[in-house]
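There's a structure below that I have some questions on.
The chains carry the letters A, B, C and D, assigned in the order they are written, with residues numbered from 1 in each.
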Amino acid sequence: MGKPIGGKIMTAKEAVESLVFDGATVGMGGQSIGRCSMALAHEIVRQGKKDLTLVGCNLALSTDIMVGAGLVKRTECGTGNLERFGTAFRWREAAEQGRLEVDDYSHLAMASRFLAGSLGLPFMPTKSMLGSDLLNKKSFDGVKPFEMLDNPWNPGEPVVLLPACTPDVSIVHVQKADEMGNVIIEGFTTHEPEMIKASKSVIVSCEEIVSSDEVRRNPDRTTVPYIFVDAVVEQPWGAYPTSTYRYYEHDADHLSRYQAVARSGGEAYEEYLQESIYGCETFADHLEKVTSTERLDELRRSMHRLL
Amino acid sequence: MGKPIGGKIMTAKEAVESLVFDGATVGMGGQSIGRCSMALAHEIVRQGKKDLTLVGCNLALSTDIMVGAGLVKRTECGTGNLERFGTAFRWREAAEQGRLEVDDYSHLAMASRFLAGSLGLPFMPTKSMLGSDLLNKKSFDGVKPFEMLDNPWNPGEPVVLLPACTPDVSIVHVQKADEMGNVIIEGFTTHEPEMIKASKSVIVSCEEIVSSDEVRRNPDRTTVPYIFVDAVVEQPWGAYPTSTYRYYEHDADHLSRYQAVARSGGEAYEEYLQESIYGCETFADHLEKVTSTERLDELRRSMHRLL
Amino acid sequence: MTEYALDELMVVEASRHIEDGNIVMVGTGLPMVASLFALKSHAPNMCYVVETGPVAPEVIPTPTSVSDPRVMYRAVRFGSLLDALGGVLQRGLADVAFLGGAQIDQFANVNSTVIGDYDRPKVRFPGSGGANDLASHAKKILIITRHEKRRFPERCDFITSPGYIDGPQGRKNAGLPQPYPDISVITDLTVMSIDKSKGRLRVDKLMPGVSLDQVRENTLFEPLVAPEVVTVDPPTRAELRILRDEVDPDGTYLKGRE
Amino acid sequence: MTEYALDELMVVEASRHIEDGNIVMVGTGLPMVASLFALKSHAPNMCYVVETGPVAPEVIPTPTSVSDPRVMYRAVRFGSLLDALGGVLQRGLADVAFLGGAQIDQFANVNSTVIGDYDRPKVRFPGSGGANDLASHAKKILIITRHEKRRFPERCDFITSPGYIDGPQGRKNAGLPQPYPDISVITDLTVMSIDKSKGRLRVDKLMPGVSLDQVRENTLFEPLVAPEVVTVDPPTRAELRILRDEVDPDGTYLKGRE
């Protein structure tokens, strides 16, 4: 059975309480400095969900904060960086100090693992990763990270098989959703369509809730239908300080500020978490604390100039 | 390299002359009585391209005519029927008389084979067809129609591997395309996105040519980008007598008329081919011969009432 | 008593196997009528998924094809066959699916491919379409068919869509995904359902006025019989009104009204 | 002679490896600048494909991220990472792709994962991202990098993105798809390209005013040397105008103008 047709609109607090649990594998939306699921990540940090395995393609700011807050046991991903803002420093330090299991794949490999999950398949073939040390890694938990197969239609040709990745719950920030749970992603969709459809449950935060009538008048626009979605959280600016296409640009100042404390770590970082996350009851509180209406307006105008 | 950015607008005659060849594997667009690629199929019949292998999911009217014209060596498909209008009779008779190799898969199996092709993979797993006689078939040409694999992540669990299907050329009728070759399919897309992307070359006929500016203003709407497409044929009513969503309903009268001659076969059928296809220089001639402006208007209005 | 046609009875009985909130994969014909009836009567939150792609359309009566604009009307998403048969069905989300076929055997296997030899068939049928996929992955399979003797052989000439294949272990041995489905065959004489412990069809219900002997006489295999065979409830006046006014007002499929 | 910065020289030289009509998979940074320059100068029909999905955008200068609205501007299609890296790249349609990394060895393998042991790294880098995919499937690989000695070891600590692995048979033995790619490394000292018969990097060109010895001194492996090493043509005045006015007008990436 798919997800029910209604009753999905809730707060971030309610959604995370009911769908994220200690030890869960969490699918992470967004890529680098675009559409990271910040509001939902903050809520997970506030609720202190532990021993998480984070999966995605480019694990960026949201991951870094969850690692920095000490909630993460493992990441399975393609990259951990914020492009020109540098590495995901908390993630990097945790990896270097052996406090974090990092299971490396290529981006296509991760997308292929989600594709398998989204189609109900146990694995997906790929021709990536051959000849690289990405095929020289051990398993963290006894589950083979890949398998080699001789192509039955061309003996002698090796093909890599990758196990399906089926997150317990995915967190994704999108432009629009309706109360049924239909999801509209505008612009790039990166690995999200496959990841969402591969997940056992899905929390979506959105810039705007639109009417189901509007969805039904433009079915071409729907990225993922409601049958995959459990919770819809209305959260304007929910990707801040990363960008949301057609809504606002990333906030380079705040990103640089975060990267500075993340790089130094220690007390400065603890203070950041305390002030900007633990000390805020909601994401709206966070926005009020770390930025201003003027700055947000600027980011919105800056995006609109680029459409 | 993908397909070039321009020079793709041509007549059906030019497109078929340059891209369809004797012995080719031809990907067939449409499903049952919706969006069959009739104008392009007629042109292939007129040009008498031989020894074709037709591949698709539901092979319906266009296939039946190409089989009826004696051009087809094999079909690889999920079904051959026109739903309430009955079986594809010429296809059926050819199969029963052993004049046609029919390689049966399920619809998901065919879509999976196209998916593999579209991703550059040699095969795709599926959990369909297990326990059925679809896995008891021989190979027609020494190429294994499937392979069984023991799931490396769950020993004892069999998984079916299906070989990629990569048509030499696909023929598809769509709503809109631009001169670059960007394709917009409205409504159901059936197996076409994967089939198109898996094909070595693609001929698209369309109801309307739209400007590339319009495409660039609504990139969400593009089903397949131009890099996969070789030829764009402007052909209003190009799916007649099957339907094109948002443009016109199927013509039940003509379909019934076709089914009557297809069922009887023999001279009646030869006459139909002679009059409605060989005797027409273009698809516009065909329309003029077999229907009327009034009837076409009726089909258009009938569709518009259902939107 | 309200008068009704046999097709109407079959359709209403089939619809009773659909629960509210179910995802139902459906083509056209009587299955479409049955599921549309469920949607309009007791399952308003049912979700149609059409093989060609559309999800949750507000179906306009009466579609005659999976490419019909009536099954695309106000869908929440248009999509592809891969989305529907891969992303919903094989993904394990389909609750109910309808099948049809030329032969249904005692293990509820269905043949829609050939009579006779596959390579040189006596009769060639259209083939699987999505039927094999539905039979492989849906949690509940419904088959609506006229009860003709030749349709119910001991063993299908060709298994297009697997039921329990050859008995209770058939699906397990074949490696088909779990959970193994409930299967019901609704005919104008009876409702037979799979007995999972035996992997065989069992007469659970009889249509009003039909005897068990009539079923046996019209079936080439010997069906199991439930300890208590009940009679199918005829459609109520209200059900018939919905069926005739809202589901198939033009009598596209339900022609034989009495 | 027109004055130019080393970055400008590297970018223009890299762009010369892009032909009109090529499909180019590109992220941000100097690779983006080089490909955007090609588009605005000699390759007007070049097709950008961005890893996150967009196809053929009319890029607004100067994008700083693969999620930047500037790389989505007037795309012909938005799409997914699977479309880009699976449906275009692995499908075999990408002509050119750019890579970067912490180490590039004599076989043109690239490391962007770790220095030291994988399980307890001395330095942890961001990882593959799409780089491994690009190196596995594109027909031509371009690497733009500063020529620092530690960047050019005999052997990468970790092969994130395969070059020729361990020699001419490396890709064949690994089962990587054919055709095997051309690979060029464009640095501020030299242009090294893969010699396919030896599977190793060969100095083909030198930047103006640079000697072969300078390259050797700044490279930890011993590169092959082409029979005739030529000097890279400096950018023309017209090229520099396009670069500075149309490609990176704000100097986002090309800061060091002379």
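By our rule, a residue touches a chain if its C-beta (ideal position, glycine included) is under 8 Å from a C-beta of that chain, and two chains touch if they have at least 3 such contacts.
If you're wondering where the values come from, they're calculated on a predicted model, not measured in any experiment.
Path length between chain C and chain D in the touching-chain graph (shortest route): 2.
Across the assembly, the mean Cα position most removed from that of chain D is the one of C. More inter-chain C-beta contacts link the pair A-D than the other of A-D and B-D.
Measuring from the averaged C-alpha position of chain A to that of chain C gives a distance of 40 Å. Rounded to whole angstrom units, the spacing between the C-alpha centres of chain A and chain D is 28. For chain A, the set of residues touching two or more other chains reads 120-121, 126-127, 157, 159, 186, 220. The multi-chain contact residues of chain D, meaning those touching 2 or more other chains, are 54, 72, 78-79, 82, 86, 89-90, 137, 177.
Chain pairs that touch one another, listed by label: A-B, A-C, A-D, B-C, B-D. Remark: chain B residues 116, 120-127, 143-144, 147, 149, 151-154, 157, 159, 161, 163, 186, 220-221 touch chain A in the complex. Within the complex formed with chain C, the residues of chain B that make contact are 30-35, 57-58, 77-81, 83-84, 87-88, 92, 95-96, 98, 102, 104-109, 111-112, 115, 126-134, 136-138, 157-159, 186-194, 242-243, 245-246, 249-250, 303, 306-307. Note for the complex: chain B touches chain D at residues 1-2, 4-6, 118-121, 180, 182, 197, 212, 215-217, 219-220, 222, 224-227.
Those residues of chain D that touch chain B in the complex are listed here as 21-23, 45, 47, 54-56, 58, 72, 74-79, 82, 86-93, 95, 137, 177. Remark: chain C residues 27-29, 50-54, 60, 64-70, 72-73, 78-82, 85-86, 89-90, 113, 118-133, 135-137, 158-162, 165, 170-171, 173-177 touch chain B in the complex.
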